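Provided herewith is a single structure, encoded as structure tokens, for subsequent inquiry.
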Amino acid sequence: MQLTKIIEKLKLSQSGIVDFKIKKNPNILTAASLEKAKENDISFLDNNSQLNLKHLIKTTKASALLLPADDNFIIEIVKQLTVDWILLKEPKIAFAEILEFLYPAEIEKEGIHKSAVIGDNVKIGPGVSIGANVYIGNNTEIGAGTIIHAGVVIYKKVRIGAKNFIHANSVIHSGSIIGNQCVINANAVIGGEGFGFVPTSNGWKKMPQVGIVILKNKVEIGSGSTIDRPSVGETIIGEDTKIDNLVQIGHGVTTGKGCAMAAQVGIAGGAQIGDAVILAGQVGVSNKVKIGDGVVASSKTGIISNVEAGEVVSGFPAMPNKLWLRCSANFKKLPEIVKAIRQLDRRNSR
Amino acid sequence: MQLTKIIEKLKLSQSGIVDFKIKKNPNILTAASLEKAKENDISFLDNNSQLNLKHLIKTTKASALLLPADDNFIIEIVKQLTVDWILLKEPKIAFAEILEFLYPAEIEKEGIHKSAVIGDNVKIGPGVSIGANVYIGNNTEIGAGTIIHAGVVIYKKVRIGAKNFIHANSVIHSGSIIGNQCVINANAVIGGEGFGFVPTSNGWKKMPQVGIVILKNKVEIGSGSTIDRPSVGETIIGEDTKIDNLVQIGHGVTTGKGCAMAAQVGIAGGAQIGDAVILAGQVGVSNKVKIGDGVVASSKTGIISNVEAGEVVSGFPAMPNKLWLRCSANFKKLPEIVKAIRQLDRRNSR
Amino acid sequence: MQLTKIIEKLKLSQSGIVDFKIKKNPNILTAASLEKAKENDISFLDNNSQLNLKHLIKTTKASALLLPADDNFIIEIVKQLTVDWILLKEPKIAFAEILEFLYPAEIEKEGIHKSAVIGDNVKIGPGVSIGANVYIGNNTEIGAGTIIHAGVVIYKKVRIGAKNFIHANSVIHSGSIIGNQCVINANAVIGGEGFGFVPTSNGWKKMPQVGIVILKNKVEIGSGSTIDRPSVGETIIGEDTKIDNLVQIGHGVTTGKGCAMAAQVGIAGGAQIGDAVILAGQVGVSNKVKIGDGVVASSKTGIISNVEAGEVVSGFPAMPNKLWLRCSANFKKLPEIVKAIRQLDRRNSR
């Protein structure tokens, strides 16, 4: 695709073109990082990049560059570049859009594979693709344009909306409700039974888990992640919430809109997560905890009590990030602290 | 189901009816939490609930309530309620039993699906259900009434007892022995090879893992959890032990009876866990560690050395929970501690 | 197998026979630990074993023993043993090799199962085994002697080398490149899409993930582990690197040769791991961090900044292991530390 054509497309986007220089108008075939790019590649530099990355734009072999318009250092450099460039408010968004143009999403097979096993009274919308060895239980609905890859198992009475991608060997349990434009990655499990057992004198009494899981529109679930259903009621993942790999969402959890949860996060039963909450890798949230809108927790944070909206927390138990940074720095001084106290004590005892 | 009929059934259970009031004798159709219940719902209040939950029993729209008999606050309130109620020693157990009455377990398909691939010399007991696209290797045995959902893969020479539920796309490796009344949730892996490599001058030498995994009766394994087999001997999960999602059990681990392990717990090879041990979410246990009966570890605890029976531990490395609570509280004071020492030092130097 | 025949085989190996005593020349049928061994079993004692294990060689019922040649305590004892024994430089390696002799790897089915679904233009080498209900996408290549177990899903344009084991229900995404002699365990996901979303005023903008995953020769991936592909370029797992269960490798990560990563490790996007790096269970590595050759991180370590080659690190944030040991020991003294400061303050205030 000629760079001029790419610019035309970007003008319709939210990436915000500010300026550009087209001299060679290269034919862009692929995309790559500044370091690895070669001829006919397009590459980009993010806003607020580190200085060593910025210098790469002078040496990269890419044929075209997407650059941040708000960076004086860059604005100086671009004048000297021989390569074609585009200055944008959001070069990363532009790069994402160009990847969409250059690499259209592929599906494995169109239509319904003859090896798929489809139950009774299953409603399948137009343009649905169902891969090899898929199983779909009775009374399930699949909305228009949804793509279900090989080996997926969908139990009974599941309602799946339109334009979803459901990757290989993932499992969706009975009663689950999936919105539109969701992505469920490979080997994820949606709607497995919550972990509920009551201690009795005869051992554990199992609490039946008869609730359901609801994924709202534009939810993405990572490979191998597990979203449990509750004993009664619903587990709800809010619209546009993105969940990475190997994440555990317990029974009865609700999350708001636009959250992001990195890999190996674990959220225990009944926790209530607000909108736009960011949880970094390996964060744990205890059961029934409430987390307000916009909270950010750094990696490995253990949240065992409620967190107010807008807080940035770290550590275990979670505390304000700034406090944690100071406490952690001082943790390394504990041997010195103990030594200092001993010296003081000795001096005082004289 | 009429409330009077529910009471009859509960009289046969271990939930311990103490008193009840039947006035409207509602037809109970579904179950829900106090907050979300509507007409014809039954709901419950657990023993030792928080005060704000207790107040909900005055406003809930449920048609019948299961309430704790040991709570004076509740006993006062119930006299004024217009809704029908039952006072019980164990209202949560009663609720679990009522869920069983109201929501009988469903299976996807009865019988053996024609797409299932079953090896040579496989013994299948009466009432077994085998779902679509299941694979069962040679010389495997499946006991009476066991339900195997779609896409499950069972390797050779596996012995599976009666009345088990094996959910979609889970995998059971060769030689594994599964008792009766177990639940293996979706995408779990039973009997994968342990992680054993010996360093040599030519790189890693693989230690063959020729042992097996044994799940005793009433064991439950969560979605995506992995139970590894050892190089020689057995990995054993004791009777009535319940394991949540995304839990890793290393090669040669043994657990006692009635344990509970929450999501994302990891137990390294050769650890020996006693009876009735409770491990909260994201706990780690180092290899060959021995944990005594009745030990409780709170979330994210890292157990790197033996723990005596009955201890409650927290933190990393694990310490008695009460000590950890005090240490954690003081961790937050580290900046003040350092400041105080500096001041003392300055005063002393004068 | 007669013990004399085992000795002949070991002479060809790197286990280093130093001495042996053959008296009964038992027929070795199986292998077991010292504690559990019975007649016709072979067992072993590792170098640097604990004293209580060493004493077991006097009481074990094994018919033959593999023992370390560098241990004076053992050398004294063996003279008195009635059982046959072999002294070796590397008894654990010898044990691994004997397990290979005694328990040849089994495959579920030879050839290509008739229920497998194989796309167009798929190249399949000689001696390949493809299990039941496997799906292989168009234009994929499978090298000689590779064994693919039931339920595996391989997307389009995947290149898989020779002599790999790919276990049940694992998933390999489009474009992935797998070397030779790799093991991919059950329910692992290779090449799932990286977790990349750019915040915009309209919610998350998805960054397409059009890169690939490369597993070099002799890589092993544990059950349920997930190796993500990047937006552009490659995620690379170096030769002979071994990855345990439920490990997350983020988009664009590269690892060197001969690394070992224990269960539930999580490595965030773009991290660069050197050769021979050892990460113990539940370790986390932040995005874009560089870890030098030979680094060892103990369990639960959180690595948030670069680590120099050869360092041994622990704690969160990671610090040198020796410092961490002292800090952790003093962490337990925090209540005493606070008390001591108060006393000093009181004395000073007088």
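For this structure, a couple of remarks:
We just call them A, B and C in the order they show up, numbering each chain from 1.
Simple rule for what comes next: a contact is a pair of C-beta atoms (placed from the backbone, for glycine too) under 8 Å apart; a residue touches a chain by one contact, two chains touch by 3 or more.
Nothing here was measured: the structure is a model prediction, and the numbers come from that model.
Simply put, subunit A must spin 120° to overlay its Cα atoms on subunit C, rounded in steps of 5. Interface of subunit B with subunit C: the two copies contact each other largely through different residue positions, with under half of all numbers used appearing on both sides.
One inter-chain figure worth recording: subunit B and subunit C are separated by 27 Å, centre to centre, where each centre is the mean of the chain's CA atoms.
Counting partners per residue, subunit C has 115, 133, 151, 169, 187, 224, 246, 264, 282, 331, 337, 341, 344, 348 as the residues that reach two or more other chains.
Of all residues in subunit A, those touching subunit C in their complex are 14, 30-33, 36, 90, 92-93, 95-96, 99-100, 102-103, 105-106, 108, 113, 115, 131-133, 149-151, 167-169, 183, 185-187, 218, 220, 222-224, 240, 242, 244-246, 257-258, 260, 262-264, 281-282, 299-300, 328, 331-332, 334-335, 337-338, 341, 344-345, 348.
The touching residues of subunit C, when paired with subunit A in their complex, are 115, 117, 119, 133, 135, 137, 151, 153, 155-156, 169, 171, 173-174, 187, 189, 192-193, 195, 197-198, 200-208, 210, 224-226, 228, 231-233, 246, 248, 250, 264, 266, 268, 282, 284, 286, 302, 304, 316-317, 319, 323, 326-327, 330-331, 333, 337, 340-341, 344, 347-348.
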